[in-house]
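Look for subunit A in each of the two complexes below; its partner is subunit B in the first and subunit C in the second.
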Partner chain A sequence: MQRTAIAAPQWGRFVAHVGRWTLGAMRALGDIATWRSHLVPQMRRLGVDSIPIALFIAVFTGIVLALLSSYIFTGAIPLYFVGALVGKTIMMELGPVLTGMALAGRVGANIAAELGTMKVTEQVDALETLAYDPRSYLAVPRVLAATIMFPVVTAFAVAVGVVAGWITAVNLLDLSTQEFWKGLRQFYQFKDVWFGLLKSASFGAAIALMGCYKGLTALGGAQGVGAATTRAVVLGCESILVLDAFWALVLL
Partner chain B sequence: MKRGNEFAVGASVLGALAVIIAGALWLSGADLRGEDRTYPARFRTVDGLQVGNPVTLRGVRVGKVTGIRLTSDDWVVADLTVESPDVELPEKPAVIASSASLFGGWAANIIPLEPLPVDPNVRALLLESDRAGGEAWPGATLPDIGQLTAQASRIAGDIAEVTTRIQGAFDSTALREFRQSVLDLAGISSRLVTFTQAQAARLDRVGADAEVTAGAFANVARNLDRTVARIDSATGQGQFTRILDNGSAASTDLREASADFRELMAALNGQQASLVRVMASMDTLLTRIHSGDGTLGMLATDSTLYRETTATMKQFRELLTDFQAHPRKYIKVSVF
Partner chain C sequence: MIELRSVHKAFGAREILRGLSLEVPEGQNTVIIGYSGTGKSVTLKCIIGLLQPDAGEVEVDGDIVGAMEPDELVALRGKIGYVFQSAALFDSMTVNENIALGLRRRAIAESDLRDRIEESLAVVALGDAGEKYPSELSGGMRKRVGVARAIALKPKYILYDEPTTGLDPVTSAVMDELMVRTRDLGVTGVIVTHDMRSAFTAGDRVAMLYEGQIRQVGPAAELRETDDPVVRQFIEGRPDAPLSLRRAER
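Here is the complex of A and B:
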């Protein structure tokens, strides 16, 4: 009874906190003049600059998938299914998720560290003093940039991953180009593409939100910034896995 | 720096869009020339056929399934899009949806409706769909490869069980008996061959006889034909009518003769009584003769008359002899 009495005010505070953040986000989104000029630089930093690491991961993912599926299928299933497995898996799952995981480390940590440092060095307070809404000035362009650019990065990663799988299949496996593309095209649906891109957009939004939230709520000095950064990466990765399961349940 | 950011972001976004659009179009095999032709096909059930599955003609991919929907009267209509503009379709096409691989892939195969497939189930499905009318092509669905595999698995299990039983039943004794049975069967077969050859020779003879009989039957038929022709001719010339008239007259005469015969029989009945009476009188007479009553009785029973008659005849012959020898003794002729 006593625990319930204690928990009730905590839940109430949490709900009020969520409401306050939501209303603040709505206001920040409406303050276009403040965040518009920062959107493109953030898209460059969070998206374009992340393409190399995403492609690096995608290349090796494609190679490993082709070899692994060949190892599984040989003797039991026609090898042209390697193309189907590589394409479907990279487009729908590994492309968005691995790219999201990589960018959770790079982008989420970057955002949390940057905003956390600004918070502990009172630059955020200075912005507020200058009548800038820190959410509008700092969080909205990052979240929007991540939401927009994650599908872009994922699209490149998927394309490179499939090409890497194809090159691996042709050069390292007993598989012709025609067979690989036959397997890839036989089971292709347009849903495979937009499903992966939609997931990656949600991953980008979640990672940036976690980074911004942890950064703007960082306390203390450098240690607090480090903790916020770590927590942002962990929460970003967890968000990716939860959202991945959510979209699979809803859309498949 | 600002312009550099914008360029990099714009290039990335446009590149990603290009990758997405080009990849999606290429993977889906879309034809941007817009010369696709879409035909509906009607099925009772499409089983594993799905949107995106290939449409084939004589084994060559010519398009894909672009839509599947339920319609009234428990039909399912699948839209088949033929992407190749140069494809010449059968004059009266039909569609068979079938499993394209062991791993779940399906395809819609375009075939000519005529001649109908040999499989009676497919034939019935196509005819039923065709009878429904409309512009939709008639369609049939072959059993899923999984069902066939399950059936084959059951059959394989049964065969394995039978094999096991046969293996258990065939020991060395059974094998010897089986060998002997085979030898016996060979002997029986040899005798059967001989018997068959003999029966074949007999059958040949029977055939020849049957041929002769058939010839005879043909002659009989010809004769009968001629007879019928004659009857027909006779009927035509009135001879038959005359024959009937003559028969009628003969029948009348016969009736009259019968009446006369009946009268004669009546007269005979009357004579019969008289004859009975005569016979009774004769019987009485013969009885009296037999008993020697009266003159006739005495003639029949008394030999005296016979003896005296015999003696008289003897004297008459002596007299006749004497008369021939001495006629003047008995006859005297005088003219004057």
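Here is the complex of A and C:
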């Protein structure tokens, strides 16, 4: 974080660079024939394969939230509010953000390392000589797949997190299933759901973009790929936090 | 025709090409020789637009490579095959898929695809390697797959970056023969090589790149008899002269 502050003047150039790059990616988006066949495999690799780690995180988040809220509420607020707190925070904040952070490591690093290796071994150049645009062949299917699949993975994580919170509440707290669902339903709004899913789609896009950008601009050899991968994960996490604040400011 | 006009290219403060001019006539194999690190690969990359010259122009069939729109660049690459020095095979794909990728982009019918792949693999004597992955091949085999990937496209031009490096003497003779046969089919070749036998077997014209410029260019027979001490010495591979010569020139 401190490094980001020091590097502030570089951010302008960086943003301009990313902007130009994104414009090129837009053009790449139009070349449907090139990326179409790669979309589903990428959705499986970046999305479906990420579900276990997302669910693992969700289970523990649900348990901790239930215990934490009962600890905070006891004696002050009716305990059925545990359901409301668990539901709302998981749907709107912890589900998308924690899943995003976990997948920034998994998906961002995966993309940056793969594309970075292709870059430094001239495979990206080889694609170009075969008249492919590496952005439409490599970047577009990954960014689209992450944008589509992050909300799906997050939805699973939210569901599992709430269930974990409910099981915890029923078994470890002095709370019945009826009370838990009462709290959950009383404050539920449809916006809670779409707000969380929209956020996670934007996280997916940002993480995959950072991974592609860092991978396709990797220089040197193994060390360059390593550096690109690290930067991709750090930038991915940073963009999650920035986007999280952005959506909260704009939509809440 | 491919024409380079006083091309300059630097990486940071290091000037690699310093006003390189070269014409590549159609229907012939033009060989580029030169010391390691003088910018032969860089020259080929400028021709196909992977690198942009800092100054000067690269012209292919009357179009300036540097000034191309994305779809013009696609058209340019449609007529040039490129054999990478490092082979640069896609390591997540089998040999067959490597070759098919370029063909698909050219909208070759799926029914012809198999024939084209088999044909080009047979030419480089790798008929049975189609289902293998690049990591399962030797360096020389990968090199030949790289060649097969380029010739399968039946392009107008092929740029070969050290096609015989890492091949045994017999296989490199086969490669020379292949480049001659490909030329006889009307393909214009630009061959970068360190292998003098290959240069004079496969090349119709030979150009020597030295200190960022073309030191001498001409018909192969003419270069073989050249009086230029730098070129002579490179062709004959004498170890003593280059250092003393370079020192004398500065």
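We take it that the second predicted complex is superposed on the first by the 230 of 252 C-alpha atoms of A that agree within 3 Å, B and C clash if a C-alpha of one lies under 4 Å from a C-alpha of the other, contacts with A are read in each partner's own complex, and residues count from 1 in each chain.
As a convention for this text, a contact is a pair of C-beta atoms (placed from the backbone, for glycine too) under 8 Å apart; a residue touches a chain by one contact, two chains touch by 3 or more.
Just so it is clear, the model here is predicted, and its values are computed rather than measured.
Asker: State whether A:F195 touches subunit B only (first), subunit C only (second), both chains, or neither.
Answerer: Touch partners of A:F195: none, neither subunit B nor subunit C.
Asker: Of the two partner chains, subunit B (first) and subunit C (second), which one does A:W166 touch, if any: first, second, both, or neither?
Answerer: neither
Asker: Report for A:R27: first if it touches subunit B alone, second if subunit C alone, otherwise both or neither.
Answerer: Only subunit C is touched by A:R27; subunit B is not.
Asker: According to the stated criteria, A:Y132 is in contact with first (subunit B), second (subunit C), both, or neither; which is it?
Answerer: second
Asker: Kindly classify A:E122 by the partners it touches after superposition: subunit B alone (first), subunit C alone (second), both, or neither?
Answerer: The answer is second: A:E122 touches subunit C but not subunit B.
Asker: Touch test for A:A155: subunit B only (first), subunit C only (second), both, or neither?
Answerer: first
Asker: Once the structures are superposed on A, label A:F81 by its partner contacts, choosing first (subunit B), second (subunit C), both or neither.
Answerer: Only subunit B is touched by A:F81; subunit C is not.
Asker: Classify the contacts of A:R44 with the two partner chains as first (subunit B alone), second (subunit C alone), both, or neither.
Answerer: first
Asker: Considering each complex separately, which residues of subunit A are in contact with subunit B in the first and with subunit C in the second?
Answerer: Touching subunit B and subunit C on subunit A: no residues.
Asker: Where on subunit B is subunit A touching in the complex?
Answerer: That would be residues 2, 5-6, 8-9, 12-13, 15-17, 19-20, 23-24, 27-29, 52, 54, 101, 103, 105 of subunit B.
Asker: For a test of understanding, state which residues of subunit A touch subunit B in their complex under the given definition.
Answerer: Those residues of subunit A that touch subunit B are 40-41, 43-44, 47-48, 51, 77-78, 81, 87, 148-149, 151-153, 155-156, 158-159, 184-190, 193, 197.
Asker: Going by the contact rule set out above, which residues of subunit C touch subunit A in the complex?
Answerer: 45, 48-50, 70, 74, 77-78, 80-82, 84, 86, 88-91, 101-102, 105-106, 149, 153
Asker: Which of the residues in subunit A end up touching subunit C in this complex?
Answerer: Residues 27, 118, 121-123, 125-133.
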